[in-house]
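Across the two complexes that follow, subunit A remains constant while its partner is subunit B and subsequently subunit C.
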Partner chain A sequence: MNPSLELEQFVDRVMVELERKFGSDTLTDDPKSESVSMEVKGAVSANASTLTTIKVPKPKWQEGLAELIESTPARIGVWRTGTRPLTKEMLKFRCDHAAAIDSIYGEVNEQILSRFDLFTVETRYGNTENYLKRPDMGRIVTAAGEELIRVKCRSHPQVQVVVSDGLSANAIDANLPDVYPSLLDSLEAYGLRAGTPFFVRGGRVAVMDHIGELLEPDVLVLLIGERPGLVSSRSMSAYLCYRPRKGTVESDRTVISNIHPGGTPPVEAGAYIGTLVHKMLEQKTSGIHLDL
Partner chain B sequence: MNLTTTVLGQTYQLKSMKEVLAKANEEKSGDQLAGIAAEDAKERMAAKLILSDLTLADIRNNPLLPPEKDEVSRVIENAINEKIYGEIRNWSVAELREYVLRQDTGNDQIRRISKGLTSEMVAACTKLMSNLDLVQAAAKVEVVTHCNISIGQRGVLSGRAQPNHPTDNIQGIKASLFEALSYGIGDAVIGINPVIDSADSVKSILLATKEVMEKWSIPTQNCVLAHIKTQMKAIRQGAPADMVFQSLAGTEDGNRAFGIDVALLDEADELIAREGTGTGPNLWYFETGQGSELSAEAHYGIDQVTLEARCYGLARKYKPFIVNTVVGFIGPEYLYDSKQVIRAGLEDHFMGKMQQIPMGVDVCYTNHMKADQNDMDNLAVLLAAAGVNYIIGAPMADDCMLNYQSTSYHDIATLRETMRLRPAPEFERWLNRMGLMDNGRLTPLAGDPTLFM
Partner chain C sequence: MAARIGYPVWLGMGDAKMDGSWITSAGIDIGTSTTKLIVSRLKLVRTSSALSLPRYEIAERELMYASPIHATPLTGADQIDADRVWAIVSGELDKAEVGKGDLKSGAVIITGETATKTNARAIVHRLADRAGDFVVAAAGADLEAYLAGKGAGADRRSLRIRGAVVNIDIGGGTANAAIFRRGKLIGTITFHIGGRLIQLDETGMIRYVAPSIRTWLGANGYRIEAGIVVAFSMIKDICYALSREMLRYFIGGNVALTDWHRNNNGLIAGQSLEQVPEIEEWMVSGGIGKLIQERAAPANLAEMAIHHDIGPLLASALRDCMQASSLRVVDADETVRATVIGAGMQSMEIGGATVHLDPKLLPIRNLPVLKLELSAANEGREEVVRLEAVRLEAELEDTLRTAFNLFDPEAVPPFALAITGTRTMNYAFLQHLADRLESRFTHYFPRSGIMVVVCERDIAQALGQALQRRCEKRLKVICIDQIRVEHGDYIDLGEPVSGMMIPVVVKTLAFPNGAR
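The block that comes next holds the complex of A and B.
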């Protein structure tokens, strides 16, 4: 995380705190107020994260504005200069874009993989640049990986769980520790048996089809890092498919996207994936054919 | 049909119409990924030269994907007006380009020949046009459509309010919608991409948007961009949908990957006419984007510009209210950088307008593409000059659900002021009544979302 960005968010929060205390009409981008806010650094409580900065100068309903802003991570209540965004808001956007670009080039933390006993295979992606240009290579596990999967994994499992970095390694680091245990609990609660899980480096969603051919699971669950956004560069998706094979089409897959603390909470997501797997096994289908 | 030419001393012999069309494209990572792009700039020019001398009849007589094998081809083929085609069948592609650009060729003339053109002919012409050609020619075409209100008039730039939320939280969706309305955005549609593709979720979002529209008497239309089957289920359960939405591909197999076919679209078409809440006659919203067929491995070796044109050929059957290419969404494997995205945005807009499609553009990029917000500023200005019907409005251009960046509420307001464009007339009258706009300019009240609480 960019330290200056954290600082800026912190400053925003402090300014709101000040505003609540002193009831000032509006907050300005005046550098003087920033220096004031820095002095009260120690006075801000740790749960200040829900506080929001009010930029609209004379809103029709002041309290209402805070309510609106808190209801969504979208950049609203941002005000304007003429028809253009305010300077700080525009720069904040650019900072977030910089952070998102950085997360594409990260690596998944090895400790997390070993904590959940995930061995690693690679696709034919080669390197990040090639990964971006050649999604077809991210859909095929290397010959060495195929061999490893054959040796290590139980074939024909009821449920096969696979994890992949996809477009955001950070997403796996941030969400797997919560999603994975709750998914296992949920599967167990439904009396379902999971096969041998593993990690795929450089994977694309359709790598499910190749793995489906290799292991022939009834349901395959792929937990994969999403393309990073600005609000969440750590968002994960779960793709589920009943009997994935070569030639499976997109609409046969069921997806739960936006798994991160600000979206679908990771623990809930894990439990929900279990429920979906159960339904897929019952209905023997997935994707748009699945009746939810 | 001559497929041979000489460029700078080197002779090129291409094998098929498919190869000529693919290699005549401007450079795109998607054509390279498919293995069908020109090897180098010289070969690209050879293909363009060959293409410029081919006739429209050559294109029709050498189908890339025969109608017997593909229903999208059948839809396009069935729509041709044979009399008008007969008048232009011997034109070369070069002559088609020059006809479109002539000063005495206006909206009516283009509208007329469009009835005799296939999507492939439009795509062929596009490959011979520069970016400014694409801007000027598209600007001649006016496609006005009506759902609850009319949009698309000359001088009008509409905006889709896209108040998405990462958990479909209704309060959050409304909050972002209020912000959009306070900037004068939402005349094209209030359109939400849901996270949860279920009938219940679709219904609750449709109800919530409808409630806001009714409470403030907002002259616009609502839509939830779930899968068509989910929307149909919601509508049958009584959800108030003014329009139905679906993503389209340019081949039957591509559409199958989206879980649709022409029969299903026909069924939805009947349903929205009978049970939708929109006035019509235009009750569809389609999205497209170069690369989706290749992504679904359903491209048949056809280039992505031609396939994109075919999406519009299919869309035309359903007389849509709005259509937009989501130009930079599909990823760098299809459009690598800002140069390619800008080119594709102009191509798609032109190809849609040439087929009488009420064309908007989601001017956008993802974070793994070599592009940034400045590039979107550029493309938005170009499209505004080209007379685009609408662009997308997301809060500060950042869609917190789909995780990509588009254009913002601020951007649409800025383009209107800078390019002397206005919201749709009925919507502008409403903005005037609300005190948000005066003489086409935002008032000091604009930008306060609490006006709608």
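The block that comes next holds the complex of A and C.
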């Protein structure tokens, strides 16, 4: 099993223990609730949220607070002890931060790469420290990689799919099994032909241009791990570009971002990327020039 | 709600749709006594950022034309004269300068005692040449209350305060109340209270007492019937008692509810609420709402009987009782036109913009909904996964067999399958679901030709393509999402507006307390 998953499960267990020890009032099954209106709410409104946890002990307006908390994944309404955050909130914060760091230093699961028949090439990133300091080196495939791409890939494909870890290997592990097959189905439904897919270790978005020079595809789709944040460390982006070549400007790329189960739904994203590719081929353009 | 986040302009994929596109929508309310029409413009705007899946919503609703109030042409006691109704409607559409191709959506709501299937059919038949433009529904009291509440602005008002807002739409025969909290409908209830339930002339001679209110009058010791002459004070007593009792239903608290029912047998039409939520404000729409806002209290029979009914007196009694109550009274945004405005401007939704369909198959009207709820999965060991698959198979088999028994298997399409629930929709599960769904659907509806699926969550394009792969050319799949529907609802799917925006009208509604 993936070590970062194990860690997360461990932290979850600690959290559950803490919840039990200190108690936590939830919206719907709090027996101590004195508010009459809450009782009515349970009876009248069938779809009362059962998930929102209210950490503020005696909110002036419970329903309003719940609405705010549900509207954002940000850490709001987390309560405090004195002037400091609660221990479990602090631990949760540090856990999310650690997960973000792990994503950057992690490696994509080899089993997933072989399951989707992706061979691996590297950029000139060298190591993670250097990758972070030298984005330019993540935009160029190594000479060995160039050779491998030339040998293995079909040249001039209609659609070239490339996968890269980018800043989050976790993102690929978590989302590729949903996004990639859904994308292939969508391409097939539009009658489009994909070239030979592969994986780029240590890639940056603009590695698309180098690959574009090598294979000259009509549309290139790059599925790449996003810079991890405190909300999700497993968020993936899809960058699409019509005929990417050396010197392509950023405004020529189209992006669907925030792909993870809590954001842009992965399976639907895969299907929609197919629609975008179809439109790019139809209009022979991408980025800000693409009419959606 | 997806907010548009301020991304840099160069990422904005600056298309015209960001500025929104307008569509024209009409609402027609054909009631027992009056018929009215409105024309409005709805602005569709992309609400998701350029980096997300496209999502459009109705951002603005603008009233462009409101017709005068016409008397509903009838051929019998409750038979609508469809030809004359249509003459009124087309005349008003001409006055509103709406051309034939301009209307993109519209709703005809047949309300009150005329809300019968026969009348609805007659109107549909008469509208045949414009059927593509209109949704026609015989509204039940619940839908009427909901649309009136929306038109009166009770839903929007409830977003500005903490408690619930009740809008009571009172016309000639019934008072339809809809309770909204935080913008959502949480209950509806209908009373046999209205301005024309008792009709009389200037001398106090009773001309008519509606059967629906006779039980209550008798039980409360008011002995009146057609032909007798009554004093102004007695009618005043009745109006105050009706107003007081109706308001007491909402503020008495739940303990008093049993008591209330004992004293007011026959006053409620249909089902009562199981519990009455805490209400902070009320508003009144409908004909009585207009009288409340505009007329002074009548001092004698002559002042009251201007329309030969108790309307003006009921309005002033209700105004007095509301002001004496502990709740705040707010004016409704619209009074007599609340229902038609609700129907014309508020009944349409926009589904998710990533869908699977063939625009040539739209519009589709009056499609009954059957729900399939997928509960959260127990993911884990192999035998658990196998049990899950067995369970899904059984659920699908049940649902499709029910559909086969309920709906016409020759209809194209026979029904819409609504998929809801908390189940995680990953690729593997979606394939499995599509596989089983295709197999069961083909088994029960081999000649259907079209399958319609409505998903609650954003998965329509992926599920649609998975289904279409399996159905190949035998069956066309329409799959839309981000629309909430319930068992027993009927939906209309309109023609796509600028590409992939599908206007959807959900026609009957889900009521949390099960009162239908």
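In this section, the second predicted complex is superposed on the first by the 221 of 292 C-alpha atoms of A that agree within 3 Å, B and C clash if a C-alpha of one lies under 4 Å from a C-alpha of the other, contacts with A are read in each partner's own complex, and residues count from 1 in each chain.
In this section, contacts are C-beta pairs under 8 Å (C-beta built on N, C-alpha and C of every residue); 3 or more make two chains touch, one makes a residue touch a chain.
None of the values given here were measured: they were computed from a predicted structure.
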In the superposed arrangement, does A:264 touch subunit B (first), subunit C (second), both or neither? both
* Check whether A:232 is in contact with subunit B, with subunit C, with both or with neither, and answer first, second, both or neither. => first
Per residue count on subunit A, the busier partner among subunit B and subunit C is B
Message = Which partner chains sit in contact with A:178 here, subunit B, subunit C, both or neither? Use first/second/both/neither.
response = second
### Message
Which partner chains sit in contact with A:288 here, subunit B, subunit C, both or neither? Use first/second/both/neither.
### Response
both
Touching partner for A:275 - first (subunit B), second (subunit C), both, neither:
second
*First, second, both or neither for A:250, with subunit B first and subunit C second*: both
- prompt: In the superposed arrangement, does A:64 touch subunit B (first), subunit C (second), both or neither?
  reply: both
Worksheet item: Regarding the shared-chain residue A:56, is it in contact with subunit B (first), subunit C (second), both, or neither?
Response: first
Dual-contact residues of subunit A, meaning touching subunit B and subunit C, are 61, 64, 67, 71, 250-251, 257-258, 264, 287-288, 292
Residue positions on subunit C within touch of subunit A in the complex are 1, 10-15, 17, 51-54, 162-163, 181-182, 184, 186-187, 254, 273-278, 354, 424-428, 430, 457-462, 464-466, 468-469, 499, 512-513
Residue set of subunit B touching subunit A in the complex reads 29, 32-33, 163-167, 169, 171-176, 178-179, 183, 195, 198, 227, 229-230, 256-259, 295-296, 331-333, 336, 366-368, 372-373, 394-405, 408, 410, 413-414, 417, 442, 446-451, 453
In their shared complex, subunit C is touched by residues of subunit A numbered 36-37, 40-41, 43-47, 61, 63-64, 67, 71, 177-178, 181-182, 185-186, 188-189, 250-251, 254-258, 261, 264-272, 275, 287-288, 290-292
In their shared complex, subunit B is touched by residues of subunit A numbered 56, 58-62, 64-65, 67-69, 71-80, 82-85, 89, 93-94, 96-97, 100-101, 104, 132-136, 167, 226-233, 235, 249-251, 257-258, 262-264, 287-288, 292
